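Each structure below is given as structure tokens.
One chain, chain A, appears in both complexes that follow, with chain B as partner in the first and chain C in the second.
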Partner chain A sequence: MRLTTGTKVAAAVAATALLATACSSGGTGGDSADGEAVELTFWAWAPNIEKVVDVWNSEHPDIQVTVNKQDGGDPAVTKLLTAIEAGSGAPDLMQAEYQKIPQLVSSGALADIAGEISGELAGHFPDGVWNAVTLGSDAVYAVPQDSGPMQFYYREDVFAELGLEVPTTWEEYAEVARAVHAADPNTYLGTFSANDAGWFSGLTQQAGASWYGIDGDSWTVQIDSPEVQKVAGYWGGLVEEGIIDNKPMYTPEWNAALNDGSQVGWLSAIWAPGVLAGNAADTAGTWKMAPMPQWDAAAPATGNWGGSATAVTSQSEHAAEATQFIEWLNTDPAAVQALVDETGIYPADIPASTAALADPPAFFSNQPDFYELAAETAQTANPFTYGPNINVAYSAYNDEFAKATEARTQAAFLAAVEAVQTATIEDLKNSGFSVKE
Partner chain B sequence: MTTTNDLAGALGGTAPSRTTQVPRRSRTVPARRAAAPWAFLAPAIVLFVAFLAAPILYSLYLSFRTEKVSGLGLGPGSRTEVWNGLTNYTSALADPEFLASVGRVGMYGLVVVPVMLGSALLFALLLDARRSRARRFSRIAIFLPYAVPAVISSLLWGFLYLPGVSPFYWVFDQLGWDVPSLFSNRLVLFAVANIAVWGGVGFNMVVIYTALKAIPSELYEAAELDGASQVGIALRVKIPIVLPSIIMTFVFSMIATLQVFAEPTTLRPLSNTISTTWTPLMKVYRDAFTRGDLYSASATSVIIAVATFVLSLGFLRLVQSRAFGQENNR
Partner chain C sequence: MSVRASTRPSIIATAILVLGALYCLLPVAWVVVASTKSAGELFSTLTFLPSTHLLDNIAELVAYRDGLFWRWMANTALYAGVGGALSAIVSAMAGYALAKYQFAGKAAVFNVLLAGVLVPGVVLAIPQYLMLAQVELTNTYWAVLLPSIISPYGIYLARIYAAAAVPDEVVEAARTDGAGELRTFAQVAVPMMLPGLVTVFLFQFVAIWNNFMLPYIMLGDDRLFPITVGLSGLLNQGASQPAMYTLVITGALLSVIPLVALFLLLQRFWQVDLAAGAVKA
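And now, the complex of A and B:
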């Protein structure tokens, strides 16, 4: 998820607040004995999250949480790992993207809170999301906050003009892409972005792939699985044929293309309305959302792009209180409503999200059932396991698929899959992980 | 006396050992005198040790170590830091990505350094020529790009390079020209080099221009009396005299080339042709902060630092006798 300017203002406010509390708390040390309030620090970057935390603080005078605003997912992880290495300085609570959890667990940064959570917590979340915080084990390393189920966003007006049906299968998607490009050679239904590894892993998740797995005491890496090959081969074919663009997303050029109608579709996730509203303001009211095109229309599925959870760090001395707070934050109906209103996230919690998400986002006011449809697609997210060196896999994706998209051949896409697999598995082995091939 | 020593010791850490070497400690005055310079030096020494020497030594130390994981690597205590000998160095030197980035930077340097210094020298000579007008304005206009941070200038140029948003490509399109994208495989090196040249010419020009200004005008009069043209004066009088400045700017440019980072890093997300290991420093950054492998990143940094040192000193040695020797013989 990409967060923009407002974050800095919020960070300044949070820093001031932090300073104020630091000055006022002089010497209490946060011991829960004798009615003293437990003080928890929380590293997060979701905009306005401190407003949600304020609700908790006013209701729970005995457990006070202070938000310490972070720049984003990557820098926060780097900082946390440094603090863990140093043995002190880590917060009690940490916002962590799903794909970072294995790396954080592997570095001993997160506490296992399986013993602290309430019994029915798992039932609040889709299986795929819950799996991401347990890593498929009995441990629980975080409570899911938001998820990014993927959908297909398209320009309804352009589709109507060209007489195109919304594609429900990938075969149809290719036909629509062909028709769009044939109508105007400068126009594309989408682009294959070598810059967004999370986007590609979401596409492969939909096809049933899981890049990693745990087999007994060993990791397995299946980035070259038939499912990933299928997805890569499909996109390589489209790029080779020239009916899909090969430029990366999130460039000034791509933003302009969304706005001027030379990109008329986007395979994205539930947070797409915010991005479109920022990048393609001129096209308000012309976009619609549909479920992803399917590999097997009889068994609809989707993947995730983005989303994060809240974790308790291994340096926290108040794991029980911290767990109590993150359960409230991510599953209490009032808290989830506040998260939706203040931070604009798509909550992972199923029961609370139905109530919280009644109205469609402003940019999609032409689609009243936006969140109903979103909830249906969110249920169909396939399970997916991230591994401890997903950072290596992602950066290998950037390099290898950049070469492939530039080469514009299907063969290069398939070669890129092999190269990412090799780089990832080599790195795991070099680090000493036990790997089963 | 004890207090003085304690104070100096706290500031510099070296004072006590220094004072023990002073043969006569019985009289307070010499001891205090001996401590005084250290007290004055202490701030500089502390800053140097804390922010330069210690980090360098620490990364040297890290470069010989690595982290080993056991089993699944889940749970605390599954990672241990161990001694790794020279393995980080040998694998860095054998890494095809590193070698490719070195080769790329070499090509980049071959493009950037001559073009940048050639233009800087040309502009400096033009500004220095007697008949040139609007000198102040030209000097500032050429120098100004140097004041623009590399990240900003890369973003600006990045916009101009992207066919979808570039006004240049719009013009090419109107003229019916099919100009390939500057981010294509063949041209991307020049796209990055262009930014460096744009930003660097002004600085180097000012250095050379300042040297030209220091030349006594009698030399020009003598040359003119001997019948030399303006071009002849530039080639035979001015350039040989400012050669030391040119050599200095060459060394600076060479070091900047080896360390090129900001421009390609800023352009990378806009293109498919700049990899995360496009230059040696980008590889260091990726290893340290994307892959979290500080150990091999340290080893690669040490290699780059040593190479920079050897190349700069080697080059200076090579040209010293010729360029600076001439100056001494004058």
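And now, the complex of A and C:
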């Protein structure tokens, strides 16, 4: 047989593709002929989540899930969107942070699983959390996994030594910060981090802000709302006075400061014990958790920092099986218990979490009612809406607040808020969204 | 007297070289020292004070997800070894052809090649992803190997080297003796070009070994990751998790050992080539 050049090329491509299939140990959505197991791939970054998935795999030989660990947060989203754009290469399942869901939905990356879920699923989650995966519509884009209500963490031993009371209002927080810094100029009650936009948006959420809104068919952006201005002005004042540090969090320097006691407090979220245990192991047993300082002591509130859901991607050929798996993963009592034990998350599922969270985290064994207190604060989380270009808002935050913390003036903090608002609106319009100003 | 003075090393030049050496070696020293510290000591003890936890760190790294680290190392070795070798072969053929044959469009091909040297590989990663996605080769070993095979800089070097090291007379003599073109290339030209090809191989090997962007975009399956992408994942597990600095530092230390070994082994060829280039090019 004489082969034409075209046939030869086709044969070469086919042979290469075969070889490729043989080489790759887990491609997307393995073909499921009758009687064969459905294979699902799952992009996630929660530590040890593969151990929870192993439990599912051993109980469900017909639906096998493979975890592919990814770089958490933004990098994983970028990679997913590239694969969606290319038309192939996306996994069946994806860990998605709540703030990224509008962006993923508007890019067509997530499947609507409203038709696949069981009826009572919505009742498992707090309203605010459920709203984050439905975006207030009839569609369901993900099943909530964990949430991150914010609290105040502090060094109980240092507070006792200096005779300080735990601050319950932001006014008191400023006084305590002043006292801590006065006692030792190298020591701070906290830092304003220009690297952690999620932390700042949580603080503004507590003050009653919502960065985005939906008005009819249009988006609105309210990053320069009076509530955000209030929070930025407050922190700008503390940094200008020099009683709060201006260095970013999650740097080696900050880790060392937590460990050696030159940072004696941290406004963080429910997952803080894991971070403290990893970064400041020497300080075990000296920390305590308290509710956030309040703007209005009569109406306690908090915000969220972090937390994610599990979504089915629009490229999955097995949406029904994938949905079955994520419902189990995030609501089955045994699975939720395993999530708490193995990955150290604070589960979003209400019925299963009470049993799973009976004991305090090991790093806070000195605070037996840790999770009871956490559950009380979690109920006070304010509603908040994320928009389709939150990535732009967050990176504008990083740029603008890096300058503001460098300048160390209240005016620079307020200017940064305006700049983030402008950058976000501009990008939203340029991306073709309808924006109401 | 004056001759001896002029050959004495200048203090300023020596000082600059020492500074340069420190600039290159201090980070390496930091990695070596830091990999001996436990997570608690990493940011709390004196920076260059070694500790005793190197073996613990290695054990922890090896235990991470049932030894996934070794799989990443093997992947990197495969990508860099196979990619570097294929790249050297392709570069040798293309460079030899550009140096020794006259054909229509030769100047155009060479100019495109020169332009290719100027385009950083990072820029091409996403277009390459979209192309490979159309033939469904993303998330496979091929996704990283195929784009690594063509190295404009390697072809450029091979052309220069073929022009300098393979005399036209030798090629003519081989043809006169009845050798075919392929045989002339494989048995006459390649041995003469070998030191240059080792350089091409080393360049490409190191480039692939250190490459992050291409495999990062191409691969979703963490069992196909090279060491760079795998270690980066250990640092980025979300705000709610402490970064695993100790494991990443230990992993980085282990991952440069093969590179150092390779350079020491192939150093002889490397020196020959630099000298040859100085005289002939």
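Here, the second predicted complex is superposed on the first by the 401 of 437 C-alpha atoms of A that agree within 3 Å, B and C clash if a C-alpha of one lies under 4 Å from a C-alpha of the other, contacts with A are read in each partner's own complex, and residues count from 1 in each chain.
Rule of thumb we're sticking to: contacts are C-beta pairs under 8 Å (C-beta built on N, C-alpha and C of every residue); 3 or more make two chains touch, one makes a residue touch a chain.
Every value quoted in this text rests on a predicted model; they were computed, and no experiment measured them.
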| item | value |
| --- | --- |
| Clash or fit, chain B versus chain C on superposed chain A | clash |
| First, second, both or neither for A:241, with chain B first and chain C second | neither |
| Chain C versus chain B, contacts on chain A by residue | C |
| Which superposed partner A:70 touches (first chain B, second chain C, both, neither) | second |
| Touched partner set for A:81, first chain B, second chain C, both or neither | first |
| First, second, both or neither for A:402, with chain B first and chain C second | first |
| Partner chain in contact with A:432 - chain B first, chain C second, else both or neither | first |
| First (chain B), second (chain C), both or neither touched by A:252 | both |
| Touched partner set for A:275, first chain B, second chain C, both or neither | second |
| Stretch of chain C penetrating chain B in the combined three-chain arrangement, among 7-15, 61-69 or 79-87 | 7-15 |
| Residues of chain A that lie at the interface with chain B and also at the interface with chain C | 250, 252-253, 256 |
| For the chain A and chain B complex, residues of the former touching the latter | 74, 78, 81, 102-103, 105-108, 135, 137, 194-195, 214, 217-219, 246-248, 250-254, 256-257, 262, 314, 388-389, 391-392, 394-395, 398-399, 402-403, 405-406, 427, 431-434 |
| Contact set on chain C toward chain A in their complex | 39-40, 42-44, 65, 126, 129-130, 133-142, 216-217, 220-224, 232-233, 235-245 |
| For the chain B and chain A complex, residues of the former touching the latter | 67-79, 158-159, 162-165, 184-185, 269-277, 286, 289-292 |
| Residues of chain A that touch chain C when the two form their complex | 13, 16-17, 19-21, 23-28, 41, 43, 45-47, 50, 66-73, 75, 79, 82-83, 85-91, 97, 148, 196, 198-199, 250, 252-253, 255-256, 259-260, 269, 271, 274-275, 277-279, 281-282, 305-306, 308, 345 |
